[in-house]
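In structure tokens below, several structures.
Two complexes follow with subunit A in common, the first pairing it with subunit B and the second with subunit C.
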Partner chain A sequence: MIARASLVALRELFAERNQPDGLAAALTFTATLVLLESLAFGPGRATQPDVASGVFWIAILFASVLISTRSFDRDLEDDAIDAIIALPGGREAIYAGKMAALGIVLALVALVAGVFAIFLLDLEPALPWHVALVGVMGVLALLPVSVFTSVLALRVRARVAVVPILTFPLLVPQLVAATQGMSAALSGASAEALGWTGLLAAFALVYTVLGLTIVPAAIE
Partner chain B sequence: MTPSASLHDATVVLDDHPVLHRVTFEVLPGLTLVRGPNGAGKTTLLRALAGLVPLARGRRQVDGAPLLVGHRPMLLRGLSARANLTFLAAFRGRPTHTVADALVRWGLGGVMDRPMDRLSAGQRKRAALARIETEPEPVILLDEPFADLDADGAARLRESVRAARLRGQDVVLVTHLSDELDGDASRRFIVDAGQVRPA
Partner chain C sequence: MIETTASPFPQVRLRPWLGIVAAALSILAMWMGLVWAPTDAVQGDVYRVIYVHVPTAWLAYLAFVVVFLASIGWLWTRRPWFDALAVASAEIGVLFTGLFIVAGSIWAKPTWGVWWTWDPRLVTTAVMFVMYVGYLLLRSLSSDFERRATRAAILGIVAVVDVPIVHLSVLWMNSQHQLPTVLRPPGGGSPSMDPAMSLTLVVSVLAFTFVYLALIVERMDLERARQQRIIEARS
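Entry: the complex of A and B
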């Protein structure tokens, strides 16, 4: 299972390297949102930890949907995904492999967006390592749901609309936890930041296990 | 004789429409040709054998994981032909050192490292069909394999199917062409309106 998922993850990363349109769209979107935040809220309010982290995680939430949708679009072209689904263990490997690869891609987007926000908004994170930890756990908590809903809506004609409609309500708790955790890390509340990080880890674990359990039966 | 793959009393419903209706079909040694008009259910028959469509009724039995080469190439456009075939062979636990040779035999020696989206339709088809040699599974399912192939590619395909038969692989070939490989076939079937009958 791990070997097969690793193969799918490598395939995904090579495909993303050769056709980085998902990554490019996500980077452009997150950077634009951070830029618009500074214009919309003004320099004073935009640097407040809760505002900055809220906008950041909304951007990452949209980016996770963009990246996973684009990844499955690519696999639906020429029915490439069917070649894997038809193989024993293929369905689980698609879910786990895509999650691993897209996790790396989304982490890259979060890193670039985070650095961009720090410089543009002139943020001074009180607990930088806590910020990084919340960032990693937030990515791990968001992605299983985006990939999961992309799989569920794989053959749906209005997939572009259905995936966000399914994903966003499911991700509200993760969004709240990530925003609160990042806000706490930015303002120096260590225990609070770690508490929210633990909750994000629990979300990541639950949805990963849920996905691995349901996806093999749900994927068509 | 034990079939290497079969459908028993299988019904497949797609978009509330029964595409296959209570079909019993067995894959036996040699080459099995399946013909029929467009929309008759030929592709669905192969996809049901490969486990790619759920059965609303009946059951499917298959030895191992059949190799299905679909009407579309089933290869990722963002990767090269070599990367695609290496990935699929590795996923099955097959050796990957045969991939480059197979692609050379299929006339793709000069373009095997070019992304699939920069290949012509015929070249993409050749890359897909080279899987017959890199994933030598007991059951091979080919859906309209002659589509997009030029005369040279078609000759290569005939040769590849004959070689697979000699290796003891069971081949099911769906085609709307009336004469392709007819002389080599052990069995011939017609699919029409969701039913399968001997030709």
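Entry: the complex of A and C
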């Protein structure tokens, strides 16, 4: 399973490198969203830790949906999905491989968006390592659900609309945890930030295991 | 290949008894809720909306748990009967969730002064509503029977996670919504109810339960007829 998952992940990363439209779109979209949200809230409010965290994580939420949808769109356009499914081994490796590769892409987007947000909003994180930890755990908690709903909506009409409708309600707890955790890290509340990080880790584990267990039945 | 829509359980003749019992209990519950139950000392008569709000909430929870169980049943056995149960229960669950949000708003306006507030219980309930609307949307956009059932089953298993989140949100987070009155954790929760009010609430819950069962039976019948047409068209 690990070998097959690695193969799927490497294939995904090479495809992204050769055709970086997904990454480029996600980076541009996320940066634009951070900018627009900041303008909507106004410079006074957008620099507050709780508002800045919300601005960042909503942008990353949209980016995770965009990245996973684009990944499966590319496979469907190139008819590559049938070739991937035909590889020997279990279908859970497809899910695991996709998650690994898209996790790297989303982490890159989150890093760039985070640096952009810090400069744009003139933030001074009180606990920068906690901010990084919440960022990593947040990405790990968001991605399994985005990939899971993209798989469910594979070959469904109006996929572009269905995937966000399915994904966003499922990600509300993770969004709250990530926003509160990052707000606490920006404000210097270490124990609170670590508490929310633990919750994100639990969500990441639960949805990853759930995805590996039942999503393969939907891959076709 | 699907070959039968038959139920995996022994056949029981439920119609028209379920509908008759549901109607009778509903009339009784209405009389008790509007006339017989005493007026609340603090809220006056506006509290009577709980005889709709609470039962619809519980039945929505039940409906989504049934979706979860039916989804497992489909993935395990691939019998269309389970898929029919899942879709029937999901539709009724969405209806009841909408009803309990509306009933809650009707109560909230005179009590809290607003139709809606960003309270954890209300927000998580709205999220649950959208989640199951998404479930029905996913089903409606899938054309192949087995794929639709499988995708919906997977989503039905994952989405049930929100049901305990909705119920326990008032305990986990600061909430304006009152704490659980009946399903209270040990040592917690708001004061118990007046016996007459409790009895009225129990009758209301029973009435709505029979309404749910009656609707499920009718909706499943429609769905199984549709499944049978699909099987016949294939053969």
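The rule is short, and it goes like this: the second predicted complex is superposed on the first by the 216 of 220 C-alpha atoms of A that agree within 3 Å, B and C clash if a C-alpha of one lies under 4 Å from a C-alpha of the other, contacts with A are read in each partner's own complex, and residues count from 1 in each chain.
Keep this in mind: a contact is a pair of C-beta atoms (placed from the backbone, for glycine too) under 8 Å apart; a residue touches a chain by one contact, two chains touch by 3 or more.
Quick caveat, the model's predicted, so the values are computed rather than measured.
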item: Partner chain(s) touched by A:Ala15 [first = subunit B, second = subunit C, both, neither]; value: first
item: Partner chain(s) touched by A:Leu210 [first = subunit B, second = subunit C, both, neither]; value: second
item: Which superposed partner A:Ala93 touches (first subunit B, second subunit C, both, neither); value: first
item: Subunit B versus subunit C as contact partner of A:Arg157, first or second or both or neither; value: second
item: Partner chain in contact with A:Leu7 - subunit B first, subunit C second, else both or neither; value: first
item: First, second, both or neither for A:Pro43, with subunit B first and subunit C second; value: neither
item: Contact residues common to both interfaces of subunit A (with subunit B and with subunit C); value: 220
item: Subunit B contact footprint on subunit A (complex, rising order); value: 4, 7-8, 10-11, 14-16, 18-19, 74-75, 77-80, 82-88, 90, 93, 220
item: Partner subunit A, residues of subunit B touching it in the complex; value: 47, 50-54, 65-66, 68, 70, 72-79, 83-84, 87-88, 90-92, 115-117, 124
item: Contacting residues of subunit A [partner subunit C, same complex]; value: 148, 152-153, 155-158, 162, 165-166, 168-170, 172-173, 207, 210, 214-215, 217-218, 220
item: Residues of subunit C touching subunit A in the complex; value: 75, 123-124, 127-128, 130-131, 133-134, 137-138, 141-143, 147, 150-151, 153-155, 157-159, 162, 165
